[in-house]
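Going by the order they are written in, the chains are A, B, C, D and E; count residues from 1 in each one.
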Amino acid sequence: MPDSVPGGAYVVFFLLAAGAVGFSLAMLFSRNFVHSAAYLAAALLAFAGLNALLGATFLAMLQVFIYAGAVTVVVVFVVMMTRVGVADWRALLQPQSKLAAAVVVVFGIGLLNALAGFVPALASPKAPVTTRTIAELLLKEYAAPFEISSLILLAALIGAIYLAKEARQ
Amino acid sequence: MSNVPYLSVLIALPVAVCLALLVIPAAQERLVRLTALAGTGVIFAWNVLILTLYRPGGGMQLEENHAWVPVIGMRYHLGIDGLSLPLVLLATMLPLLCVIFSWRQDAQPKTFFFLIVLLQVGMIGVFLALDYVLFYVFWEIVLVPMFFLINIWGGDRRRYAAVKFFIFTLVGSVVMLLGILLLWFYGPKERTFDILTLMRYGQAGGYASQLQMWIFAALFLGFAVKVPIFPFHTWLPDAHVEAPTVGSVLLAGVLLKMGGYGFLRMALPTLPEAFKGGWGTALAVLGVVNIVYGAALALTQKDLKKMVAYSSIGHMGFVVLGIAAGTAAGVDGAALQMFTHGIITGMLFFLVGMIYERYHTKELAKLRGLMTEVPTLSVVLVFASFASLGLPGLAGFVGEFLSLMGGFERYPYIAMFAVIGIVLTAAYFLRMLQQIVFSPRTPDVALACAQPYDARPNEMVALIPLMSFALFLGVYPHPFLQILDPAASAIAKALGG
Amino acid sequence: MIPASWFLALGAIVFLIALFGFLTRRSLIQSLMCLELMLSSVNLTFVTFGRTVGDPAASGVTFALFAMVVGAAEIGVGLALVLVFFREGHANVTSDDLDILKG
Amino acid sequence: MPLWLTAVLVPAMPAACFVVLTVLRRRLGERAGYVAIGALAVSLTACVALFARALGLAGADEPLVHVSMPWAVVGGRVLDFGVLIDGLSASVMLMIGIVATMVVVYAVGYMHGDERFAWFFAVISLFTASMFGLVSASNLLQIMVFWEVMGVCSYLLIGFWYERPEARSASIKAFLTTRVGDMGFLTGVILLFVRYHTLDLPALFRAAEEAPDRLFLTVACLLLFVGAVGKSAQFPLYFWLPHAMAGPTPVSGLLHSATMVAAGVFLVARTYPLFEAAHYALPFLAAAGLFTATFGALLALTETDIKRTLAYSTMSQLGYMMGALGVGGLVAAVFHLITHAFFKSLLFLGAGSVIHGSGTQDVREMGGLAKTMPRTAATFLVATCAIAGLPPLAGFFSKDAILVALWGGKEVGQPLALLLFVGGLLTAVLTAFYMFRLYFTVFLGEEKSHAHESPPIMTAPLVALSVLTLFAGAANLPWGHPVLAGLVAPKEHEEFVWWLMAMSIVAASGGVYVAWSQHKTRLGAVYGLERYVVYERGQGHYLERMYGFAFIKPVFALSEFLRNLDFDRLIAALVVDPVFRVSDALRGADIDAVYTSVFVNGTTKAAESLAAFDGGVVDRGFGIVGRAWLTLARSFERIDLRGVDRTVDGVGETVQRLGRELRRWQTGFVANYALLMLGLGALIFYLAYWFTRGQS
Amino acid sequence: MTSSLIAFSPEILLTACALGLICFDVLLPERKATVRWIALGSVLAAIAASGWVAMNAAALYGTHFEGALVLDAHTTFARLLFGTAGALVILASWDFYADRSVAEYFALFLFSLLGEIVIVAGTSLLMLFIGIELLAIPTYALVALLKQQEMAVEAGLKYFLLGMFASVVMLYGVSLLYGALHTVSYLQPLFVAPGTLTPAVRGLVLFGFFFLMMGVGFKITAFPFHFWSPDVYAGGSTPVIAYVSTIPKVAIMLALFRILGPAFASEWAAGRAFIAALAVLSMVYGNVVALMQDDVRRMLAYSGVANTGYMLVALAAGGEDSYAALLFFLVVYTFTNLGAFFVVLAVSGQERATLDDFGGLGRRGPSLAFAMAIFMFSLAGTPPLAGFFGKFALFRAAVVHGYWYLALIALLTTVVSVGYYLKVAQEMYGGDYALSAPGAQLARVAAPPTLRLAIALTAVATVLLGVVGVRFM
């Protein structure tokens, strides 16, 4: 998003923010798990938008592909497979809900308080964060974590396959 | 020969015997027994050799001092003096006699003898160590084999007793460990765990008086549980009642002495201000309480072994009283009482074990007419009882007499009450003798199946040395006191008494 | 310029909502979804901080990237576990069914 | 043979005999008796030799033998043990040697056929050995050693027939009672050592002379005296003595004459310089001694058991000796100690013979035994005369010496001395009365049972002893140069007071006359108040009646009252019972339960209030915490209830309960865990932050 | 770059072997047994390589990969320790996954092991996070490896849900710290006393720190982040649990010392107090609750919580000597805890392990019982076993740095701990088996020889570390 239109940015931010919060809540309180998954996808899309608003377009794209796309699809897949149907959300609540709410509220107040004290405005990146920049970073400065992440993915793959494969036998 | 590490060998020998026992297959019971016998025999012989090398009055001797764990300032420092020599003698002699006594042990003999010898490692080490950490290491080693001895071969409530024994002692010793850390932390500039160095430092006034009180308290708890001093004694009757005979013998014979030894070796000479500042008096009061309380409780026990256990508490009270006196007489008395109590109570527990083996009961109410049925055993029991009740002419008297003398030197008004214990002690022993030994044989249904047989040769072999010691020390304690007295005088001097 | 704290607050709010969800949902799948959402808000925070720190290396974005990868990997294993769990006969796949092990 | 070796031989022989007999008791059988006799004969010979040497040295300052070697070293100071033979110990040893030998010879006959024959002689040898050792000891500690060994032997001997319940209880009573006295003895010895750093007798006397702290010495001496009170059966530690009759009669013979009870008197005599230096201790001795003398005589008045009567007489006679010591009559006391040993052993052995012959101990069932047991009767008469103080028997001279000493009252002051003297005289009258009454009842009158004379091995010692009783008085005749005085206290000079001697003869005769007059009425002797009816009916001589109402009735009443008082039971109720009760109570509870209740009660309160807070104030959402505390509190209550029966180990159990309750936090629910992680973690962090906010 | 590759050759070797192992399994699926040798060989080779690298320390020590990883003494220490422990675990599990899952098992295991080293060698919170994930993700699957077992799956799911929760929270913390401190590298001290921070970021640092500690505390099972461990330990596959309960803790403790050591040196009171509080609570809670357990693995889980408390004592105390003490303690803990779980494996197999299973072990499997007794007494801190010296060194360090109360509480809770360690010993050498039947008539415990070897090695290590090894502390 171009910084030259500050008013526009605010509008977009609020729209996306409202979307993120709203879809999150909707996901939480939806009685139908498939709906839930859909709301999740929507919330993640809103996050992708926010990332883009912050200038991280590559990340936003990934967010759309990996999260809003792939992951949600897998979730929906599992939901369908496990045939978990509709349920009254009250019945889905843990007995500890009130306490959890209290803790989260107290926690949230503290956290937001701490964040509110943090005032710096967003600095403009000296160079735009292009895919190329990221690629260079990943292969140079972050080569080690990058490689290791690949191992993580591999391990997750092996683990997931092992756990899931039994179904066919 | 001068550079032979005599003391290290004395510790290494039982370790070697342990390893040997581990290697021998459990099925070869005869070999196991022979190894245990030969092993403990050699250990004892080695100790006798050390005894011949020892020069009475020569202070700390045969010292070995090497760095061990530099990071924590722990050294491998061994030495022997008049205070430790008799106790080491106990720690080498009693296991040998125990092995002889339990020659017929047929329930898991391998484990049994292994544990006895393992116990010996700790017992010898405690009395030889001159480094606090090393001391603590040996101190704790002792717990494990004793725990198993009670837990495996004990009576009906063995699990309870074993855990109680372990936990009680451990509570004391961890607090003691904290005291040791305090000693070390507030010690001289170059921090050290060396007992002798810290002792000199303490005598030179290195520790502030208030601090001394605290450190003494920490050490006190550790030693008090072991002695045991009222009100930390409750583990003892349970442990004794449940323990197998040999366990009781070693427990009463050596383990309890570790507490008294700790006071004499560490607490008193290192922290003289704490001693003078109230701990001495407190110990005296506790000592007297021990004497009277132990005797009073022994008076109405229904179980023979429990009675002996409480008598132990009473007798250890004399040790505490002697320690509390801090005079040469008191310390002499305490040290001697520790040795003689080891001998005499060891004997008593052997006898209780023999009686139990024959009659399958330890209840005073069920035993009758032993003098008629098992005369030799009875004579030994009478002898041991009289020795235990402090009959002059037998060993028990000398220690009690000197302890009392020490008590009267410093706290005449407290020591006065200890004298009551003498009468009570006589009372319960005589009551016991009257009930089970000097009584007509009455046919008892419960005992009808029991077939009493008199003392076996191996049992007598185990008992006779103890009897000789008890007699010899009572008649002529001079050689022993010649060894003890210089060390005791040194402690008394440090305490200004 | 939009203040950074707005983005951070938004991230925190969604994080807290998802956290609340994680703490209160019985359904394992919903729990997983909440974790996803938390991860996303963390990513937003990273990106925001990347802008305030303003380092040329664009670390914030990179961190978010790694977080995303790792998150995806975790979700993969997690869903596989949920599947196994379902196959063992727990039709509802709720955390209440995780009740053998306790105490 | 060096002299000290001779001295050592005296106790060593019977001690060795003990060892031999113990080890070989099965193999020797009844030959054991002869072994014992042999050993004692050697000792006796040695005693005679020592006594002869002592006679030769009489009057010298230095003791005959004084050797010692270190026994223990304490703080660099040496405690010795050794042998000290002087006139006192030589004379007493000779007496012991004679009496012990006689008793052992007698016992060979008496114990014939007993299943523990050898064991008896073993113990009696040790008994004698320890008495020898005690007398020849050179220091106080050593005296105490032998003192206690003797106590044990007495325990074994009195309880020798342990099949009899009364023997078992008597043996314990004897040992424990004397042990109570030993508490004092031990304390005294310790105090003396603490003060003077030595226990060697001559050194101690020197030290006490050089630094006479009278108050301290008085305390120490009184403590020693407490020991002597126990051993010599003085009031109030006398009650074991009559019970001690449960043992075999030879034991009584020995125990009441030459050993055991003699030890107490000997101890005071031995440490007499200390008592003199202490000064304030002597009046106590005198008063206690004379009180016991009168008291014992009174008790004997209404006693019907022959051996018990003799026991009370022993007590009474020992009181005499103590009293004499209290007024400075050292020689008199020792003299009486020796003569008393002879005639008392004679009496006991005679009584044993009587019991042996008639099969009963109750005098009321005896009578006319003089016909069937002539030798016993004759020797018994000699002894009775002696104890009654009839001239010229040994008892007469020694008792007279005591009366002289009492009259002199050197150490106590005139008014008290007069009182003591009157008490002594009264006791003399009573003694003569009850002893002769006893004799008349048993040996004269009509025959009540079929008795037979004892075998010669039993009667021979009787004869020998009666000879000694007849002539032992010569050892210290009040005129000329008293031999014993020269040995024991060469510097003392007793005056010869003829009218005192006359008075004592009158007193003794008076007692004998009353006894005879009673016997003569053919109504039998009076042993209890029930017989006053005799006088009340107006029978008998008017003088007798007057005498009876004015004197005998109150005295008998007193005697009976004292015997009914049963000091024994009083002590039991006041001391022994409470001790047992305390012991029992402690055994029931011990500290375990105290731990439990103290620890648990305190914690329960705290837990309850916390639980109430949780349950009432905080929302039920905090269910886990609240529940945990609540259950914790309840579990504490449960422990509390069970704690009484001591099965729980307070602290350990509580920790376990805590563990059980904390376990509930582990609900197994993922969401709970997550919330706890977040909530508890944040709380902890916040608290950590809050508490350290002042620091950086 | 080349030097970096050489410096991290052990890790590269491990990675290569893990990959090769999978390929091997895919290509030759019938030769399952060989896979084990590859795994063992790779670990041993990695150890050898580590040793070789350590010998050339001068040339290779320093940061590598653009400062992402650091090779220093600690890394070497971690490599050797983890390699040894890894080899032991492989030995112990030799026969337990010989069926179709063997390749997955060993591959995942090696990946996880790699993660541990990354945690120690990493220089930034990012590397820490990635290391933790590399460690964790394979273990989620490993715990549930016996997926036919209901409890194993439950354990896996719980572990996963809470683990991911902790990771996400931790990541959030990392993001806050990144925003506040502008860096996540701890090559320079990361945390400084908050007083020196501007008020604007102080809150962020505090929250960031707390979230970070939550993620880390989860892995080391510090109270109150430990809740997963008893359930997971009790349900999971035993060899995996043996591994999960030891090496991750060690790795994180080492990393924590890197992160917090400098902060505590600058006296950050709140952080220190927090760690101290966690230490106290962990010691008390772990020991007290462990008393009441009948399930041995669950009991060991609580014992693990308690041991974490002891480790945290050293962390709170700070300083070089604490660090030395901690290292020693960690080594001891590794061997002892591994050994204990190995014996559980030998006795109960992969099933639920209750105390009853240990009844009469002293006669049914004397050598196993003897080893278990050594482990239990070492854990209880009985000299002369290694556990005592480990604890002693820790407590001594606490005393030196003024943490008297920590030392006291540690000592007292040690006493409590004896209660449950002894329970195991009592079961083994007591109970009804103790004296009754002759030894020959009892059903003996059959354990595979490799497992026995692993147990023997750990037992010997536990003894020798105490008697001899303590000299090199």
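Here is the rule we go by: contacts are C-beta pairs under 8 Å (C-beta built on N, C-alpha and C of every residue); 3 or more make two chains touch, one makes a residue touch a chain.
On a predicted model such as this, the values are computed, not experimentally measured, just so you know.
Using the average of C-alpha coordinates as each chain's centre, D ends up farthest from subunit A.
Averaged C-alpha coordinates give centres for subunit C and subunit E that are 26 Å from one another. Separation between the centroids of subunit A and subunit B, computed from CA atoms only, is 71 Å. In terms of their C-alpha centroids, the spacing between subunit B and subunit E amounts to 42 Å.
Annotation: 93 Å between the Cα-based centres of subunit C and subunit D.
Those residues of subunit A in touch with two or more other chains are numbered 94, 96, 100, 103, 107, 111, 115, 118-119, 141-142, 145, 149, 152, 155-156, 159-160, 163, 166.
Those residues of subunit C in touch with two or more other chains are numbered 8, 19, 22-26, 31, 41, 48, 52-53, 60, 66, 70-71, 73-74, 77, 80-82, 84, 95, 98, 100-103.
Across the assembly, subunit B contributes 163, 167 as residues in contact with two or more other chains.
Inter-chain contacts occur between A-C, A-D, A-E, B-D, B-E, C-D, C-E, D-E.
Across the complex, subunit E is touched by residues 652, 655-656, 658-660, 662-663, 665-666, 668, 670, 672-674, 676-678, 680-682, 684-685, 687-689, 691-693, 695-696 of subunit D. Within the complex formed with subunit A, the subunit E residues making contact are 15, 19, 22, 64-66, 68-69, 101, 104, 107-108, 111-112, 114, 118, 126-127, 130-131, 133-134, 137-138, 140-142, 144-145, 147, 179-180, 199-201, 203-204, 206-207.
Per the touch definition, subunit B reaches subunit D in the complex via residues 160, 163-164, 167, 230-231, 233-234, 237, 293, 296-301, 327-329, 332, 371, 379, 386, 391-393, 397-398, 401-402, 404-405, 408-409, 412, 416, 419-420, 422-424, 426-427, 430-431, 434, 438-440, 476-478, 481-482, 485, 488-489, 492.
By the touch criterion stated above, subunit C contacts subunit E in their complex at residues 8, 15, 22, 28, 31, 35, 38-39, 41-42, 45-46, 48-49, 52-53, 55, 59-60, 63, 66-67, 70-71, 73-74, 77-78, 80-82, 84-85, 88, 95, 98, 100-103.
Against subunit A, the residues of subunit D that register as touching in their complex are 619, 621-623, 669, 671-672, 675, 678-679, 682.
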